[in-house]
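Here chain A shows up in two complexes: once beside chain B, once beside chain C.
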Partner chain A sequence: MSTAGKDIRGFILEQVQAVARQQKKTLAPLSDGLPLLESGLDSLCIAIIVANLDDELGLDPFASGAVDMPVTLGDFIRLYEHGVAA
Partner chain B sequence: MASPPDRRSLLDLTLAPGTDARALSDEAHRVAVAALATGTNLQAPLERLRGRSVLLTSATQLPTVLAALALDGIARRILLCLPDIAESDLPSIMAEGEVELVVTDGSGPQPSAGAARVAAGSAVRPGDVALEDRSVPTEWVLFTSGTTGRPKMVAHTLESLTGPLDDGLKVQERPVWSTFYDVRRYGGLQILLRALLGGGSMVLSSASEPVGDFLVRVGQSGVTHISGTPSHWRRALMSPNANRMAPRYVRLSGEVADQAILDHLKQAYPHSDVAHAFASTEAGVAFDVRDGLAGFPASYIDQPGTKAEMRVIDGTLRIRSSRTSSGYLGTAPRLGDTEGFIDTGDMVERRGERYYFVGRREGVINVGGQKVFPEEVEAVINRHPAVQMSKVWARKSPITGAIVAADLVLREGAGPLAGIREPILQMCRDQLAAHKVPVSLRAVPSLPVGPAGKLLRHD
Partner chain C sequence: MTPVAFAGSFGWLHTPAFGTGDVAVLICPGIAYDALLSHASLRLLGDDLAEAGYPTLRFDYPGTADACDDGIEEAGGHWNAWRRSVDAAANWLKATTGARRLIVCGLRGGGMLATLAAAARDDVAGLVLLAPVLRGQSYMRQLQVEAQIRNGHESVPDDGLVYREFIFNQETVAAISAVDLRTAVLKAGQKVIVYSQAESRLTAECAEAWSANGAEVMCRGWEGMEPLLRHHIVDETSLADFSGLVGWLRRAVPQTGQLPLAPLPPAELRPPGCIETPMRFGEDDRLFGMLCRPIGQMSETVVIIGNGGRDPHYGAARHAVAFARRLARLGIASLRMDFAGLGDSLGPPGQERFLTHMLSLDRNADISAAVDALEELGFRRFAMQGLCAGAYHGFHGALAEPRLSVLLLINMPMFTLPDAGALEYLTWREMSPAVFLKKLPRLGSWISLLQRRRDLGTILRVQFDRVRAQATNRLRGLAVRFGLAPQPSFAQAALASLSARGVRTLFLFSRGDAELDVFRQEFNDPDRDLSAYAGAAWRIVKEIDHDLTLVAGRDIVEAVMIDFIESRDISLGKVQTFRPKAVLA
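Presenting the complex of A and B:
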């Protein structure tokens, strides 16, 4: 597993698109400022992405229970990047 | 079936069809049914047990079976102790069951104090038993397989236990019955009673015997009728010895029988009738289904006057019948609602003219407020030809609380999971709502099956 933040960002964006395809959701144009709830993903999609990231990257930033729920896609990505940096 | 004015004991009912060539056997012993007419396995006079409450405990089943045959109609109450009951639970079991005597071969759970012992082994010794008065209405107490806490004690009578046998199942002369179950459990006792009252023989299983060896023994004993849970059967079909037996009747009970296991059994035993039955220790046998299809016809529901009347309330199956137990012993809660219907806790769903079991009410997985029954997902996964059995479980999710995950046992030669992961998931996506589709699949070498023959769902 690479620790480069760019790889994690790329991996997460791939996951977002793959899960949206699989769940037949239409995605809004992705940007860091995009609120997750307006991205076209529902909470089931986000739950699937979180589980996949845990399986593929071994990262579960929510495990500590002390994280704020991410509001935007950028918040979500940073949660994982910080997990690696820590 | 009207009950005759004089109670007939289990021994009378067993001997009535004749005893030629009939036997009860286990891994190491064979007892001719004819010997029961003139002897018992008890090393004490029967009079010593008359009117008593008696705990029967042994590691293997045969000593308890022989003692129950001797004591029905003599003892006031017999408690069929299961081999996996914790000895620490025995003092309260003995107190609530008012146990006065313990009949044992020295193995199985042993109470440290509180009652005198009567030795009873796996052989029948000649004695004068033919003229015994067997008119005592013996209460039979079975233990439930509860997953947590002390098992409940469920009271039956010989009449409530034998009621389901009158179901029109046509059995040829001198059938040989067997079951993967321990016959001290309700599902197994049904099979033993069918063998005894139906003029047959009985081949008992053994907890210590590898399943492959049991299958060989079943084949060598010429077993014609055999029962088990779907988990028992999935395990049996994994054995290279599955083809060593050729039953004419294959029965499933105790768990949801999905279409895959029904089809696999029909394939493995093409000359057999494959039937699945619904029963619980408390409610008794409600019905069996003989058309080879999962679920049961909707016409079974709301038929007043049938022997086992069924209703669906709040999605769960309720049963009222004369086969229902008389209640729990001790402090456990009362059975049944005000009209005598027992809530089975099994959730059903109507699709067209058929009801399907979707799972146990307490096993439901909550995915962001939407319900998933593990059994309905397993039923889809199990249809993939590479899958032997599966267990669906609740994986924690910080987003939806839980999300569906599945452990799979793959068939031999199926290759690695990576090669079939996507087709299995696609089957799930095609047949299930999105929140029911597993987010992760994991291959495991085996899945734990508990002593009652059911898939263990609590890790």
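Presenting the complex of A and C:
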């Protein structure tokens, strides 16, 4: 799945690693089943990633206001991939 | 640097040794968490700019840090009030220093405010942006998502946003969301430098748009600036390195003219029911605190509020400000202070460019210096409030400082420094040995350990310390049961010593925090065990989070602490028995 030529999954994983580096967080091995809040990222990191994805990809799946916070990393990626497909 | 106050805002004016000049710098701080992380580094930026010849003002927006809250309602919300305050600060800076041209420097959300000011005013010669927020819409989304995760419920944009200390109304959410700095029209000839954490499409688009209008824009990476926004919870860390920024400014907008600076009036703020004045104290006046006094009748008791973790004196989500002003309205003064090397207090000589260690550095001298300064002002009873590391330092401070008679300790993380090192201990303590053993067979855990992402030796050492502490306390319990007199632990001996001295100690915990486990290791059945220590009490307040950022929980914990203080505050004529009025778990 891509937007403007970018692979969404790959871009999200890049963002996760970049923000973890910026915030000096140690990441758990990334997998789709990994709960976001056990990934080593805290609420601020996740929120920064959401903002970066909006700025860089123009994707904001939370805009409708009716979206529950994804639980796992896989849920998070799918939320964005579905946003592109929709 | 000199404390200043204007239009309900508190600030610091950093002045060159020669006085002032034609160019002055206005620093627009970040908002909420960004402000906490960057506070000490921005102090250093002010010092470095002053040393380079630029008078520099740091200040607090209305409703942030030490500023008053008035002006927000009148302006129709936070955003408008903040924009007006930037203008007021710019005008005050020019009037006070005689400068005719300004450099506006903004961090994160302050970068938006700085850019809008640079576009609107005709006296801004330069703009310095530090990891600026470029689009308000994505920034609001960031705050909303963070609030949703932290508060556990969704904050609906149409209804405004509750985020840490702020309750943004609908207008503020809409106004921030509408900001897009790509559309900001900077003036031809304005010098702009943008420091970014990572290359981004938006930064490039802003630079292109501003350059098209004739601004001279440079983009730089984040090397040296990391401490501005990095959450280092424990270890001593250097503050940000601004040498590149100062060098750029000297070349881009050189200082001209040397003018004497007129004496500044003493700074004073008047939030409702209070008078707040900055205090410098300690050796060579290197320590700073904000004294908050009631306007009317005042108790002889004063509460010293130490740093929570390494947050500046106003505290995460301004909890120290809220508590101080509530105390003042009840007739009790307080000093919210920065320990050496945190917030606005200078580190030990030679260590001024470092944020000092959260736990290892002995703070007893700082606490005694605060008591000395307050005693000189006429206070006779001294209470100490501390959150997290502040609680640890308060407990140890009271052991060393006989004038402290009341302790209010929230989420105290430990009684003694662990053998494994504080950072490792705090990182791994929440994993019990049983959980650790259960996780080990997971392939990912082994891969992670083998790749040295996690230091196996450290984890094992933390687990060993934990098992050892539990075993020692079990043995102690057995010894008591069999009528033997066991050797008390440090925590038990220390609390006995405080109690014998008449010190009253209140331990407060948020629900499920690891701090409670540490406490229970020492006082297994707290209701029963603490009865042996006169004046000691404990409570779990289920509505609070670790660092008191949830406003509803904070109200309760403040009420509990005030009850505890007042129960012995004879000068206010209160009862002498602790009967908490607040809702407790």
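In this text, the second predicted complex is superposed on the first by the 80 of 86 C-alpha atoms of A that agree within 3 Å, B and C clash if a C-alpha of one lies under 4 Å from a C-alpha of the other, contacts with A are read in each partner's own complex, and residues count from 1 in each chain.
Rule of thumb we're sticking to: contacts are C-beta pairs under 8 Å (C-beta built on N, C-alpha and C of every residue); 3 or more make two chains touch, one makes a residue touch a chain.
Every value quoted in this text rests on a predicted model; they were computed, and no experiment measured them.
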Which superposed partner A:Q23 touches (first chain B, second chain C, both, neither): both
Contacts of A:D55 with chain B and chain C, given as first, second, both or neither: both
Which of chain B and chain C A:A47 touches, first, second, both or neither: both
Larger contact residue set on chain A - chain B or chain C: C
Partner chain in contact with A:S64 - chain B first, chain C second, else both or neither: neither
Chain B versus chain C as contact partner of A:S31, first or second or both or neither: second
Footprint overlap on chain A, comparing chain B with chain C: 22-23, 43-44, 46-48, 50-52, 55, 60, 62-63
Complex interface listing, chain A residues touching chain B: 22-23, 43-44, 46-48, 50-52, 55, 60, 62-63
Footprint of chain A on chain B - complex, ascending: 367-368, 395, 397-400, 403, 405, 429, 434-435, 439-440
Of all residues in chain C, those that touch chain A in their complex: 33, 134-135, 137-139, 141-146, 148-150, 154, 156-158, 197-198, 200-202, 226, 229-232, 444, 447-448, 453-454
Parts of chain A lying in touch with chain C, wherever the complex brings them together: 18, 22-24, 26-29, 31, 37, 43-44, 46-48, 50-52, 54-56, 60, 62-63, 65, 69
